[in-house]
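Take a look at the structures below.
In what comes next, subunit A is part of two complexes: it sits with subunit B in the first one and with subunit C in the second one.
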Partner chain A sequence: MNEAVELIIPVQSDLVVLARLTAATVASRAGFDVEEVEDLRLAVDELCVSVVNGSGSGRLNLTFHSAEGSVEVICVLDGPFTSPDQAENGYGERDLSVRILDALVDEHGEEMGDSRRRVWLRKRSLRHQGS
Partner chain B sequence: MTPSARNPAAVRETFTAFAESRDEQLRNKLVEEHLGLAHQLARRFANRGEAYDDLVQVASMGLVKSVDRFDADRGVEFSTFATRTIIGELKRHFRDKGWAIRAPRRIQELYLALGPAIESLTQQLGRPPTVAEIAGTVDASEESVLEAMEAGQHYRTTSIDAPNRQDGTLSSRLGEDDAAYTGTEDRLLLALSLADLPERERTIINLRFVEGLTQSEIAARVGLSQMHVSRLLAASLAQLRSSFAQDS
Partner chain C sequence: MDQVFGVEVHDEDGLLRVAVRGEVDMATAPQLRESLYDAVDRSAGPVIVDLLAVTFIDSTALGVLIGALERSKARDAELRVVLNEARLVKIFEITGLTELFPLFPSIAEAVAR
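Moving on, here comes the complex of A and B:
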């Protein structure tokens, strides 16, 4: 099974619910257990909210790629944004986001261009690891 | 609350000293130095209707557990380990408490059925269930289960007249017999049954249900695969259940 679901939403925090629901549905279809579905939902929330908070307008393009036991979520913001705060003591907003994603998913990353920000994450189901 | 500004090497050093001495003052110092992290994480979950102070308390409890369980030799930074533990505590808190008043009653009731279903399936299967397995147990579609799980993310303070997990309302349960008496009997019986388990299985049960570690954390701790831990847990629980059935 290999599937891709695309979702485009305006940059508005109250629409992040759509990303969360999509994440949960995709994770469930990929065979994640309930804890893992919950983790992915929280991670996608963190991913989207961190992008939405740093921008005033534009669109979020979300792509959910799934295969048996794994999900990858790519979130691209087309629109103006400000770079997230990274504190010297390691406790800025961005550091917290990184730490939360570290706790919830296997891999995550971020690329920033002039008017484009791309964040992504990958999570594998424990039951399917090594298979 | 100002978050800790100490560098990871200094934190690791304090943890190494704490691991050797288990000194109460060092423990307090480590907790105090990282309270900022607990506050930050509590704030992240604060837009879901729960009082911020309650969330800080839950997150702080998670922090204390993290300090007690952290093993500096495992090569993970404390802040990473603590974030995982605190998020786990916050997730559990939201799952165990209340539901969205805005959600339709059908979803509220389904949400309330999820907790016990997840609990019993986890015991039966020896791992957390999939959404499909839960849907089968509560006789609902996967979509409804996902909807109920999402609704469960937006909690509001629980009304005493709202339905609870015991098929009644909180107000209808006020003043009933103290369940702690039978709880005590069960605990005594459990202690006796646990004593019959081999030492390794006892350790695993303790790590899972007393210290609240996940199966993978236990696997790392005892040097087995997660699958093996899962099988041992399932077998031990089956043995405990059968001891209970015989004795009661």
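Moving on, here comes the complex of A and C:
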């Protein structure tokens, strides 16, 4: 199986739940177990938080690419973005977000452009590792 | 379990318990911040943060808890987090917050400390 699902939502914190719901469905269809589905749900939330936090308007374009045992999520912000301030104690929300992503997915990254911010992640199911 | 967010503050013999339920994310965290900070500010003793009915937390929610912890420390008070869902404990562990927060598996144990 190879599927792509797109979700476009306005930059609103109360709509990020739609990204989580989509993530759970896509992960489940890709054969992830219950814990991995929850991992991806949280990871996608963190992806959205990282862009919504620095923007007040625009829209989020999320693309979920899935194959058997793996999911890639790309989140593009079309709209203005400013990097939120980092906390000095190392426990700022951005820092926490990175720690969560480091622990829950195989790879994640971000790219900044003049008017676009792109963040992404990839996660493979442990059951499908090596297959 | 109910995913709809809610927060209530209970005064139990002078001990404030902030009972949270549902999903705590960037949309609902501001409500948690308001209730929690208010409880910390008016409590004369430790504040119990009851997360037993919480179904989801993210970095935004953790940020609120850290803010409340710093606020309570400034008042020489204590914040005790009650949590027994393995999935949520895991999030505290991977972010290193188990070093900051005393976690209790039940309200009775948090009160008895």
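In this section, the second predicted complex is superposed on the first by the 121 of 131 C-alpha atoms of A that agree within 3 Å, B and C clash if a C-alpha of one lies under 4 Å from a C-alpha of the other, contacts with A are read in each partner's own complex, and residues count from 1 in each chain.
Here, contacts are C-beta pairs under 8 Å (C-beta built on N, C-alpha and C of every residue); 3 or more make two chains touch, one makes a residue touch a chain.
None of these values were measured; they are calculated from a predicted model.
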{"item": "Clash or fit, subunit B versus subunit C on superposed subunit A", "value": "clash"}
{"item": "Contacts of A:E107 with subunit B and subunit C, given as first, second, both or neither", "value": "neither"}
{"item": "Subunit B versus subunit C as contact partner of A:E6, first or second or both or neither", "value": "neither"}
{"item": "Partner chain in contact with A:V37 - subunit B first, subunit C second, else both or neither", "value": "first"}
{"item": "Partner chain in contact with A:L21 - subunit B first, subunit C second, else both or neither", "value": "first"}
{"item": "A:R127 touches, of subunit B and subunit C: first, second, both or neither?", "value": "first"}
{"item": "Touched partner set for A:V52, first subunit B, second subunit C, both or neither", "value": "second"}
{"item": "Set of subunit A residues, in rising order, touched by both subunit B and subunit C", "value": "17, 20, 35, 38, 41-42, 46, 91, 96, 99-100, 102-104"}
{"item": "Subunit A contact footprint on subunit B (complex, rising order)", "value": "3-5, 36-37, 40-41, 44, 79-80, 83-84, 87, 91, 118, 127-132, 134, 142-143, 146-147, 149-150, 153, 214-216, 226"}
{"item": "Of subunit A, residues touching subunit B in the complex", "value": "17, 20-21, 24-25, 28, 31-38, 41-42, 46, 88-91, 96, 99-100, 102-104, 126-127"}
{"item": "Contact set on subunit C toward subunit A in their complex", "value": "23, 25-27, 56, 58-60, 62-63, 66, 87, 91, 94-97, 100"}
{"item": "Subunit A residues within the subunit C interface of the complex", "value": "13-14, 16-17, 20, 35, 38, 41-42, 45-46, 49, 52-53, 91-94, 96-97, 99-100, 102-104"}
